[in-house]
Amino acid sequence: MVDLKVKLHDIEFKNPVTLASGTCGFARETAEFFEPGLLGGYFLKGTTLKNRDGNNYPRMAETPSGMLNAVGLQNKGIDYFIENIYPEIVNYDTQLIINVNGSTVEDYIALTEKVNELDKINAIELNISCPNVKEGGMAFGVSCPGAEMVTREVRKVYDKTLIVKLSPNVTDISEIARAVEGQGADAVSLVNTFLGMAIDAEKREPLLSTITGGLSGPAIKPIALRMVWQVANAVKIPVVGIGGIMTASDAIEFMLAGASVVQVGTAIFKDPMIPVKIVEGIEDYLKRHNMQSASELIGALQV
Amino acid sequence: MPKKFVKEFTVIENSALNATNFLIKVQSDTELPEIKPGQFVNIEIKEAEEIFLRRPFSVFEVDYEKNVISMIVKILGRGSRKLTEIKAGSKLSMVYPLGKTFTYPSADDKILLIGGGSGVAPMLFLAKESGLPVENVDILLGARSKEDHINVDSYKQYANLHYASEDGSLGEKGFVTQHSVFTNNLNIYTKIYACGPDGMMRAIAKEAKAADVFCEVSLENLMACGFGVCLCCIEPTTKGNLCVCTEGPVFNINDLKW
Amino acid sequence: MVDLKVKLHDIEFKNPVTLASGTCGFARETAEFFEPGLLGGYFLKGTTLKNRDGNNYPRMAETPSGMLNAVGLQNKGIDYFIENIYPEIVNYDTQLIINVNGSTVEDYIALTEKVNELDKINAIELNISCPNVKEGGMAFGVSCPGAEMVTREVRKVYDKTLIVKLSPNVTDISEIARAVEGQGADAVSLVNTFLGMAIDAEKREPLLSTITGGLSGPAIKPIALRMVWQVANAVKIPVVGIGGIMTASDAIEFMLAGASVVQVGTAIFKDPMIPVKIVEGIEDYLKRHNMQSASELIGALQV
Amino acid sequence: MPKKFVKEFTVIENSALNATNFLIKVQSDTELPEIKPGQFVNIEIKEAEEIFLRRPFSVFEVDYEKNVISMIVKILGRGSRKLTEIKAGSKLSMVYPLGKTFTYPSADDKILLIGGGSGVAPMLFLAKESGLPVENVDILLGARSKEDHINVDSYKQYANLHYASEDGSLGEKGFVTQHSVFTNNLNIYTKIYACGPDGMMRAIAKEAKAADVFCEVSLENLMACGFGVCLCCIEPTTKGNLCVCTEGPVFNINDLKW
């Protein structure tokens, strides 16, 4: 029997496969396909202090091996989550992590304080990298002072595991990673989506209501993998690897590059069962390679 | 117990209904869950370059004995074209059943079903399922010309068939909303259902509102996931932005911001 | 008859379709497939002052809708070019542009001075964005001071059209574009490749000898298109659009976003005739849309 | 006049030679240029997800009358597998002819051709083209076992056939360099040609160097373009890094840094 368990700071995941924020709703939606306890965890849909309607339709465009989205953090706000959603999912036998979003530092703080009260939420993922909102979002994540400031202020009010989600739309992502590590982040997750654009040549119009949107899917995998490798080599805190993961091999590559946990995002739109297949594939890989534990994969790239 | 599934079906028929519409029948080797008109499947387009996401198609007919689902696929772009080239015997991965059904008519309803473009399938399915006597079910199908209409004569047992065509080559000339069912008295109907191009449904909704008749439309917004996690398919409603894939595709026109 | 001609600063291209540096050799190679005069121009293989062997094999990895390369500017040096290659291609009826690369500013200057003497070379493309060389290369292209310095010094010794090729591996590409515009660049071309990585999960080794390499192909198109759109809105000088162009529609999208000329790169590996098909496709589009001239497409996106 | 072409060929045959090797014949509707052993074609793998680049394959046989080219395709990964599934009648886009041929033997040469893995095709092609009497042409084919060998009996008219297999199930047991043609007297040959796995060719090169016999090998480096523009396929040589696709794939071992 191989041991699939991995640790991220002080929380344990039963396996390294989790779902990415904004691609798994509030875990209930995937529960219609499979038992949530099969996965290591869920990074729930980006949540804000107040209700947000998100951006106008159309919010999506298919691109080569990927897609652009411009959802813009549509959600009903943290209070709705606490009252209506949390009770429904609280007993899922898996890690539930809230993806926290603000337009101002005050928003982040207020949100975090509320989340801190939720017993079964052992970590938050601080999203300072959403490219689809006008204020806040990515603005904090693309400069060291911005990233440091939000991390520092949230750290003051949050006791549990603090994961900061980084934007790939930067010159040097390891610099930002080091900056948030310096302010007390317990882990970093990367990457969020790449700012991209799609045009309808016939109509001579953008395909998204917001003109630009966030690129995700296998197309971004090589860049995301490079960033995870750079960041894992730059910081001491653990790394959550995200970006275009479709198969167990992809997940393993991110772990070899230094990720302790991976998030599967867009892949689930293509096939909701992919995350479960990835768990099985990792187990199979470990057996084939005579490895005892998934944690042996972390950073095991031979260079 | 899962309520939604991802499964490989076997294609047992793919036949052209006319130049651009195809009837595709697929079979499962396990029992089908209950599937209602308006619900849809999300189909993986395999072996196609540069197609990344699945494509949603309404369920047209269900045969629970043989575990067969059929769809009517209209060629619109790359994915639908590729799908219409599939051979019997091939495998087709589907996510199903997705979305919600229509408000079923009650025994004393007289209903009008309007289908256009790729929206014909759910209307025919609903006509069959309505349980109403033929005389209480009118179907109005709209298309550019006779060649663009598909033959639905077998549905005469469930409904009265009316046609509109822009060039007048089948039924009345003009758009569906110019058809006599609209220009006469829309109030003879207690429920109107429509599925088709956006413009068509908006025009119908306008007439239905004016006549104050109950009206549901089935939307075909662009989708990424089809099961409510991506929030890409939203439609602005009086209750906020709702997911067409989980809270629709069927909406009461009074809830829409049309 | 539609007019396919476009202008870039003071040089004219018979049509907007050119080939990207490093993907068309020295134009002779594609001439084995089609008449070079069919295209607007060729951005020749990155040339350095002295012979360069480039990086070790393997230098290439296929990725979803794209590829990574780590060629590392292998070339025989500018003198070899002038003596042996230039005479052979000088009479091609198309624009020939040299892609100039240095490890130091002095290299760039020395190279440019030599190129300045070549009658039939009407422009240079200053490559400050190659991710595959240890010194120079991208280092100049990812900061405003670096980009400014090289542009300023080269401008002093070069009289003809100076195009600066930008790196996409930056937080704000329009900032860099404005910086080089300020130092006298006549045009900018973008994007060069994205720094990426690929891993052989089974062997637990990187697939490239250099670990990281440059990502190109359709995978990057949405990001490249966004960058071209941002830069075209930020500078007054013309823009050359590059990144994942495979079809006439792709080329038109880049032009709508603001590019005056486009470069086709990786696509040619998939099909050497693609550039010719793109020229035909643009002509067809203009006819279908009742447009008289390709230049009407430039920046014509309706937002 | 172009010297290289991109064209859609029609597949006229795809037959299994054994479990992993397939003979694929494709036909052009225009005249073929001259194609020599060692030269290759770069094939587009269509309708395959996540395959972006073409795959190079050596030409095995050319029929100038019927404009037919054939290749022997060994299943190695995703692309070669997909290619071996192609049906007769399908179209196949090829870039051709690519690369350079071998140094042809002269009338008084006695040659040894060694093929292994996916490298059998150019060796058989060269045997046929050499123009030498059978007694001056030895072919040695290496594989894991009898099942991995393909039947090349029809080449008896051009060469003496020798086999090596790792398990001894066909011909001599062991690697090709352990075969008696090597362990006896390699100097009976004036020219040696080889194509196969890297390790095999390096071992052969070592023996040929030791025996001071002329030796050319055909390399199979990873390629992106296949026609000399990307510089991805390079091999370090005494003349610097050379493109395998244009300056090879055939190299004299004395030029290689092996």
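To keep things simple, chains are lettered A, B, C and D as they appear, and every chain counts its residues starting from 1.
The criterion applied here is as follows: a contact is a pair of C-beta atoms (placed from the backbone, for glycine too) under 8 Å apart; a residue touches a chain by one contact, two chains touch by 3 or more.
Given the structure is predicted, the values throughout are model-derived calculations rather than measurements.
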_Reference chain C; chain at largest CA-centroid distance_ = B
*What is the distance in Å between the mean C-alpha positions of chain A and chain D?*
48
_Rounded Å distance between chain C and chain D, as computed from the means of their C-alpha atoms_ = 36
*Approximately how many whole Å separate the CA-defined centres of chain B and chain D?*
55
*asked:* Where in chain B do residues touch at least two different other chains?
replied: 50
*Of all residues in chain C, the ones touching two or more other chains*: 63-66, 217-218
*Connecting every touching chain pair, does the picture come out as line, ring, star, complete or other?*
ring
_Which chain pairs touch, all of them_ = A-B, A-C, B-D, C-D
*Flag every residue of chain C that touches chain A in the complex, lowest number first.*
63-66, 68, 142-143, 169-172, 194-199, 201, 203-206, 211-212, 215, 217-223, 225-226, 229, 244, 249, 252-253, 256-257, 285, 300-303
_Residue ranges of chain D touching chain C (in the complex, touch as defined)_ = 2-6, 44, 50-54, 93, 95, 221-236, 240-241, 246
*Quick one: which bits of chain A touch chain B in the complex? Just the residue numbers, please.*
22-25, 29-30, 32-34, 45, 51, 53-54, 57-60, 62-67, 69, 71, 74, 217-218, 266, 268-273
*Touching residues (chain side chain D, partner chain B) in the complex*: 46-49
